[in-house]
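Each of the next two complexes has subunit A plus one other chain: subunit B in the first, subunit C in the second.
== the complex of A and B ==
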């Protein structure tokens, strides 16, 4: 894979993660446990979908294909998002834990992308980093508050952590071509992100009264938890097809129509 | 003279004089119980309408065609949540908590706008809600912005500002469809056929059937009558719709040179009564969705309330 192909591959993976998670987050709009969270999660959803659009604009500059075409006319089995973002929204605990895991990974990844030698990626990373910081403040705060507040909240949060942890490790499955980009200091190596992510999230879980499935010192490859790999290789859960079908329903309804 | 020594009649006369002078009544001020109750009921219904009103459009968020539509629709529905939050706070200044008001909504004791009990079978309905329903809401809310109760009037100013964007978004969405394929245009027209009369009903029962109107006007709770608002709305949207070749389903709709107003067929107010009482096409579905969210979120609210750390979660 040459550098240009690798860039396209990486941008699509970033965009697909953001778009699909944003889509899932927006499923709470109108249905959240309290109005404040309705507002917060609608905000997060807009940010994530907006980030997807930003990455796809860079993709467009390389390929000439616009963001709407990529997102709304591409077949679901061409997406390269990880499995974590595809999973149904579950209960509020799962949503919070998933979003926390994702935001933490974003902060680590964007920290590197802010230093990228490739200008378009660096510029977007600089712009969206502060938004992800807000997301992380919000979701981490919720993990800490719900982790051991009541017996029920603890039970639900622990179940969510156990469920989402291995799925979250799928965020760090190597993206095809990333080695080419990492060699040129355009993007970080996925294993580097994973290590820093573990160092960050495991202590937060412990502080929140939650059992972490792994120890932060285990590091890469040292965990017994199965990583949900496959998304970057276009091997998906059954959920993705449904999401993409829903998402593209109107856009594809009438050939040639503009909306 | 000490306020305590005044009789009820004196206090009432002073209260009505303040309103007549155009002063705003503020939370700590003396007010008749009936005024307080009436406002709690109105603001509560308004807040509930915002919250329930998230559902018919929210249904289309997963299907919104393209990034721009998806983002603006989420933002719009989010605005409605924000309006609900703002209105519940305004009602709380009169002594009733958001929790109590929400329980009343879910118990079927509190009412909300009729219009959100109609289905949204196509994407065009998202635009039609923006253009018509938000259009009618703004006509009503511009009036409320002049009402005598300060917190309600001020909340309305901000809400109207945001609603004006929603109307523009709805128009933009529909104009794109009208100028699109035949199928898109037909979809837009069919949506107008569905929403026209429910939106006219949204502005309330006719004046001939509003027994408390006199007092409500005197107390500055209502500045205009329902019929005045309905006429204002039709005068506003009828020419707008026609200019883009969308036609309300009313053969008698026409501009009357003599009065300078649009003549229109009144909606079926019996239908309005039925829908308000809970017997509309989607009342059950809407309340089930709200109850489900409320019940499934209970553990979260309880946990946040007893959170040991009492740590403030920063807003996203």
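== the complex of A and C ==
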């Protein structure tokens, strides 16, 4: 893969994660357990979709294909999002834990992308980093409180951590071509992000009274948890087709319509 | 049934530095940190904002609508109102 192809591959993976998670978060609009969180998650959903759009504009500058075409006219089996973001919204605890895992990964990844030698990536990373900082503050706050608030909240949060942890490791499946970009200091290596992510999330879970399937000292090397890989290779769960079909339904009725 | 509602926090919003903090509504939240975050979500999303205050609803000291005398204005107080003085003719000095 040459550098140009590698950039396209990386930008699509970043955009697909944001786009699909944004739509999963939006499924809470009108259904969240608190009106305040309902609005908060709708805001977060819009932010994530906005981030997807930013990455897709860079993609457009390389390929000439506009963001709407990429988002709404690609088949689900062309997406390269990880499995974590495509899973059904589950219960509120699952949504909070998933979003926390994602936001923590974003903060680590964007921290590197803010230093990228490739200007378009660096400029966007600088712009969206503060929004992800805020998302993390919000979701981490919820994890710390719900982790040990009541017997029920603890039980549901622990179940969500057990369920989402391996899925979250799929965020760090190597993106095709990333080695080419990492060699040129355009993006970080996925393993580097994973190790920093583990060092961050495991202590937060511990402080919140939640068990992690790995402990912070053995890192990813010592974990027995199965990482949910495949998403970056376009091998998906059955849930992706459902969310992509929902998301594209209206656009495909009259492609190119102006709203 | 147990009351599962979180405490209520009154929210005050400041549009720019030096401007007054204006009461804009209330949020439910478990504690002060979450109250500020929820207030940001509800009230600083569309409005410009540089600062928010949150105050536990029960910490607001308030008058009682039913006190018959507290705000009574039974005698003529028009002399205290600005519109008690005739304004100069509009436009008189404008040309």
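In the analysis below, the second predicted complex is superposed on the first by the 253 of 259 C-alpha atoms of A that agree within 3 Å, B and C clash if a C-alpha of one lies under 4 Å from a C-alpha of the other, contacts with A are read in each partner's own complex, and residues count from 1 in each chain.
Throughout what follows, a contact is a pair of C-beta atoms (placed from the backbone, for glycine too) under 8 Å apart; a residue touches a chain by one contact, two chains touch by 3 or more.
In this text, all values refer to a predicted model and were calculated from it rather than measured experimentally.
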item: First, second, both or neither for A:137, with subunit B first and subunit C second; value: both
item: Touching partner for A:50 - first (subunit B), second (subunit C), both, neither; value: first
item: Subunit B versus subunit C as contact partner of A:36, first or second or both or neither; value: both
item: Superposition-derived comparison: subunit B or subunit C, residues of subunit A touched; value: B
item: Touched partner set for A:23, first subunit B, second subunit C, both or neither; value: first
item: Which of subunit B and subunit C A:145 touches, first, second, both or neither; value: both
item: Subunit B versus subunit C as contact partner of A:232, first or second or both or neither; value: neither
item: Subunit C-contacting residues of subunit A that also contact subunit B; value: 34-37, 39-40, 43, 137-138, 141, 145, 149
item: For the subunit A and subunit B complex, residues of the former touching the latter; value: 23, 26-27, 29-47, 49-50, 52-53, 67-68, 71-72, 91-92, 134-135, 137-138, 141-142, 144-146, 148-150, 152-153, 156, 243, 246-247, 249-251, 254, 256-259
item: Subunit A contact footprint on subunit C (complex, rising order); value: 6, 27-31, 33-34, 37-38, 41-42, 45
item: Residue ranges of subunit A touching subunit C (in the complex, touch as defined); value: 34-37, 39-40, 43, 137-138, 141, 145, 149
item: Residues of subunit B that touch subunit A when the two form their complex; value: 51, 54-55, 58, 61-67, 69-71, 74-75, 77-78, 81-82, 84-85, 88, 123, 173, 176-177, 180-181, 183-184, 289, 292-293, 296-304, 306-309, 311-316
